[in-house]
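The following pair of complexes shares a single chain, chain A, combined with chain B in the former and chain C in the latter.
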Partner chain A sequence: MASLFLRRAGVSLLSLLLVSLVLFVLTRSIPDSPARIVLGDEATPADIAHFDADHGLDKPILVQYFRWVGGIVFHADLGKSFTTGLRMNDQVANTLPVTLELVMLAFVVSVVVSLALGTMSAVLRDTPLDYGARLIAVLGVSVPGFWLALVLILFFAVDRDWFPPGGVVPITDDVYEHLRSLVLPAFCLGIFYMAVLTRMTRSSLLDVLGQDFMRTARASGLSRPRVLMYALRNALVPVVTIAGMSFGHMFGWALIIEQVFNIDGLSHALLQAIQQRDYAMVQAVVMVFTVVFVVANLCADVVNASLNPRMAAAA
Partner chain B sequence: MSGPLLQIDGLHIAFGSRSVWRDVVRGVDLRVSAGEVVGLVGESGSGKSLTALSVMGLLPLGAKVSSGRILFDGTELVGMRDGAMNKLRGRDIGMIFQDPLSALNPAIPVGKQIVDSLRTHASMTRRAAEARVVELLDLVGINQPAERARAYAHELSGGMRQRVMTALAVSSNPKLLIADEPTTALDVTVQAQVIGMLDRIRRDLGIAVLFISHNLDLVASICDRVSVMYAGRVVESGAVEPLFDAPRHPYTRQLLRCVPRLDGGTGPMPTIPGLPPRFGSVLPGCAFTPRCVVSQARCSAQAPPMRRESGHLSVCWEGVP
Partner chain C sequence: MIRLHRLVNGFGGPAGFLGALIVIALLVMAVGAPWIAPRDPLLVDISNQLLEPGGQFPFGTDQSGRDVLSRVIWGTRASLSVSAIAVVIGMAGGVTLGLIAGFYRGGWIEQITVRFLEAISAIPILIWAIALVGIFGVGDMRVGPFVLANEAKLMILLGLLYIPTLARVTYTTALVQSQANFVLARRLQGTGGLRIMVSDVLPNCLSPVIVQATLLLAIGIIIEASVSFVGLGVQPPTPSWGNMLADARNYLMSGEWWISVFPGAAISLAVVGFNLLGDGLRDRLDPRHAAAVLAT
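Then we have the complex of A and B:
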């Protein structure tokens, strides 16, 4: 178990390094020097050289890369924006919490709901409840989140005053209002993953329920809840894998949701950075996303290894 | 106690859905007395496993008992509610399955699986159950039982898995043990050990066994009585020795000829030409007619009579005037 964790952690670190390299090279190969963007068309070559020297842009790209990575690894410093001069650490610290909270909320609720719904659907297969759950799952997979967001805003925020139409009330102001302002965005963000995980849980559980060892469990006279626990231990493995990936994906989707609900989160900051060609900011945000994604998958692996000992042996 | 431990009368099992049901087990009679070992022999698809599963109330989806009775200790099992059936399963009737790897939960230590079964049927502390598991694993001949109890199925050898399976099946001292081809998935060298272990356990604990197999030698070596099934029917049954020494039904005779013998000389292995009838097809007469070497005109037209002589039953037209 410990060795599995170490090996997986090693692989994760390696992939982080690779991503950082690709990310750095790609953002640096965009034409137009940052100096041109910041100083404008009238800047003289001397101005630009001065700017490049100031920001270390005159060094070879690998040197720049190692400086950047070194800053992250040794000083936990994501760097500084060329365009605004703001420190990335502050930017991320300001915008990450609300995005993280939104994603966490959407993730936890969709996992809990999908486990319940998927299990019920499998156990009561071909009953009206199963049909209902499957219908919800199909709708959730096929309805686009941004469209749903607009419809829900219209229905619950504009026509009725149940939820605010956008923005997030700071938690320091009012906890209740804060949570209320997160309901609609979290719902729109989570519904797709809830649907995917529901379908996954259902089909995986049905598959396991047909296995020989489930017949043994019943032949041993185990109670129905216990038999279900026996099944779930095996059925959850693919669900956990998908859930781990979903958590990372949700940060990507949050991009759209934050835009629609006008939330000042990390994804919002990324969009702004792209519009303003603030490459350092893009790098910093994408790097944060990558870390979240890799850590989520690492967690999924560890959970799976504890669920199924064969995974630990095979990994 | 009066009457046999397990009594199956005219059991029909049908497969199908909604309106179309076809019988695949077509009138099986079977008796197992307390402490007795009864063999159930037949080709794949003859309905032996279905018969066994129907006793457990664990028929696969799409199969049901369409008629007949299954009495266990005088209690009717056909149509019994699942909750009541669950009290019998694992406690009064244990079952061993063919492939112990797929029959054991891969994600739960084997000892824990036995602990769960024990605690379902008797109120005992976790610690007491764990101690009992070690005893049981020792009983079925597993070395270092305390250590093995923490192992997962994939960490054990095939023979050891089947021993664990046996320990699970007999954990609550059942009266009847159903062994559905317990050695088919094992290496030949391990088969004998597992059979020896099974025989010892059932003697020690006084458990009656319904032993399902297509291995005639195994059946001859451990069973008291045997029933031979063909196409969903029992075609011959009786005490092992007279039945194997003087089989009456042509199917049994041909089946016995197919058992490889060390002194059998060279030449091709004898086989029974042809195939069993197609699943669910309806035949008016004896289902074995197309493959029978002594078939007569009436065989395919009329159901053969059931004849019983000193406890040896055979269902065939042969020798009937």
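Then we have the complex of A and C:
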């Protein structure tokens, strides 16, 4: 178990290094230098040289890269924006919590619902309930979240006053209003993965239930619920892997959802940074998202290893 | 009757057949847009602003008096071309890598390829697609003698990001196929490795790849729409389903529902079509293979 974790962590760390290098080189290889973007077209070469020296941009690119990575690893410092001069850490600290809360909420709800729905669908195979669950799953993967968001805003916020059309009420103002303002965005964010995970749970559980050892278990007198628990334990492995990936991917979709609902989250900050051509910020946000993604996958591996000890032994 | 039955089963049953019909209809719309669309999708007509669906305009008109129906039809082109070319790029790269790694198993080629794929699969696709389009700047980009439109950038990026998924699918199948007896037989006949790989192993790996590619087409449509929706994909005035929805957002509160409902319905229909076709093809071509799962 520990060795599996260490091996996976090592691989993750390597891929993070690689990913950060690619990201860094790409942001430095754009034709417009940061100095040009900030100082404008009228800047003299002397101005630009001065700006570059100030921000350490005159150093070779690898030196710049190791400074940046060193800052992140040793000082937990993501650097400063060239265009606004704001510290990235503050920016992330201001915007990450709301995105994190939104994604967590969407993730937990979609995992819980999809496990229940998928299990029900597999156990009650070919009943109307199963057809209903499968229909929801097909619709969920087909309807784009941001369009659903527009339609739901129209229906629940404009026509009726059930939920606010956008923005998030700070939790310090009013806990109930805060949660109410998160319902629509979280639903639109989670529905796709809820559908994906429901399908996976159903098909994976059906696979396991069809195997011989399940019949043996029943024949040797284990009760149905007990057998189902064993089956679930085996069936969950692929579901957990995909759930781990979903968590990371949700941060990407959060970008679109935050845009629709006017939420000032980290994904929204990424979009703003792109529009303002603030590449240092783009770099920082993408790095944060990639770390979240990698850590979520790592967690999924660990959960799987505890669900199925053979996987840990094989590693 | 028997012929129809056979045709339906060819797509894995009625659902898959329905998917195929939807996909064919979309292809016809994309290719034939200039002839099918009743009006010019770019024609601004202020006297016909924001008309409700009906009469001359079955889907109504938008804020500039443009015909929503014609724009939805032309939008098919943008969505399908981005998604399809991305999948072609992903297949070219992914199948090649996966095939080589699976066929020359146990060697350093396999090691390097598998590690490389592992490293890039640590990348959340959508964020990277958005960030990369952002880094390269929205709008045309000059690469040597070529000018890349924004759509082209999106296609290439998406295609590169599809490579790991398709490579993994090919790799797992190629690994098994390369050890099959017919490969051994070919070797005993004295056929060269490269030749066996391309003409014997490759055709046997294609079923799962085709299934996965169909599902990626559906995802590509959603990603194109999402990226265009936030203004980083297909640029106005060229209509795409995503940027039509971005316009529609401004008219949400005032009750002009048709501007947002029709493009959204088109996206959903397209995604349902590709998903049904993909599931049907899986039942038909690759029934024992579990869903090699979604890439986003």
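Keep in mind that, in the parts below, the second predicted complex is superposed on the first by the 315 of 315 C-alpha atoms of A that agree within 3 Å, B and C clash if a C-alpha of one lies under 4 Å from a C-alpha of the other, contacts with A are read in each partner's own complex, and residues count from 1 in each chain.
Everything below uses one rule, namely that a contact is a pair of C-beta atoms (placed from the backbone, for glycine too) under 8 Å apart; a residue touches a chain by one contact, two chains touch by 3 or more.
The shown structure was predicted, so the numbers you read here are calculated from the model rather than taken from an experiment.
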Touching partner for A:212 - first (chain B), second (chain C), both, neither: first
Mind working out whether A:26 is in touch with chain B, chain C, both or neither, as first, second, both or neither? second
Counting residues of chain A touched by each partner, does chain B or chain C come out ahead? C
Touching A:10 in the superposition: chain B (first), chain C (second), both, neither? neither
After superposition on the shared chain, which partner residues are touched by A:271: those of chain B (first), chain C (second), both, or neither? second
Please work out whether A:230 is in contact with chain B alone, chain C alone, both, or neither, and reply first, second, both or neither. first
Partner chain in contact with A:221 - chain B first, chain C second, else both or neither: first
Footprint intersection on chain A (chain B / chain C) at none
Residue numbers of chain C touching chain A in their complex, please. 118-120, 122-128, 130-138, 218, 222, 225-226, 229-230, 232, 245, 248-249, 252-253, 255, 257, 260-261, 263-264, 267-268, 271-272, 275, 290-291, 293-294, 296
Of all residues in chain A, those that touch chain C in their complex: 11-12, 14-16, 18-19, 23, 26-27, 30, 32, 138, 141-144, 146-147, 150-151, 153-154, 158, 165, 196, 199-200, 203-204, 207, 238, 242, 248-249, 251-253, 255-256, 259-260, 270-271, 273-274, 277, 279, 282, 285-286, 289-290, 293-294, 297
In their shared complex, at which residues does chain A touch chain B? 211-213, 215-223, 226, 230, 233-234, 307-310, 313
Over in the complex, which chain B residues touch chain A? Could you list them? 56, 58, 86-91, 94-95, 97, 99, 102-108, 113, 116-117, 120-121, 152, 154, 165, 168-169
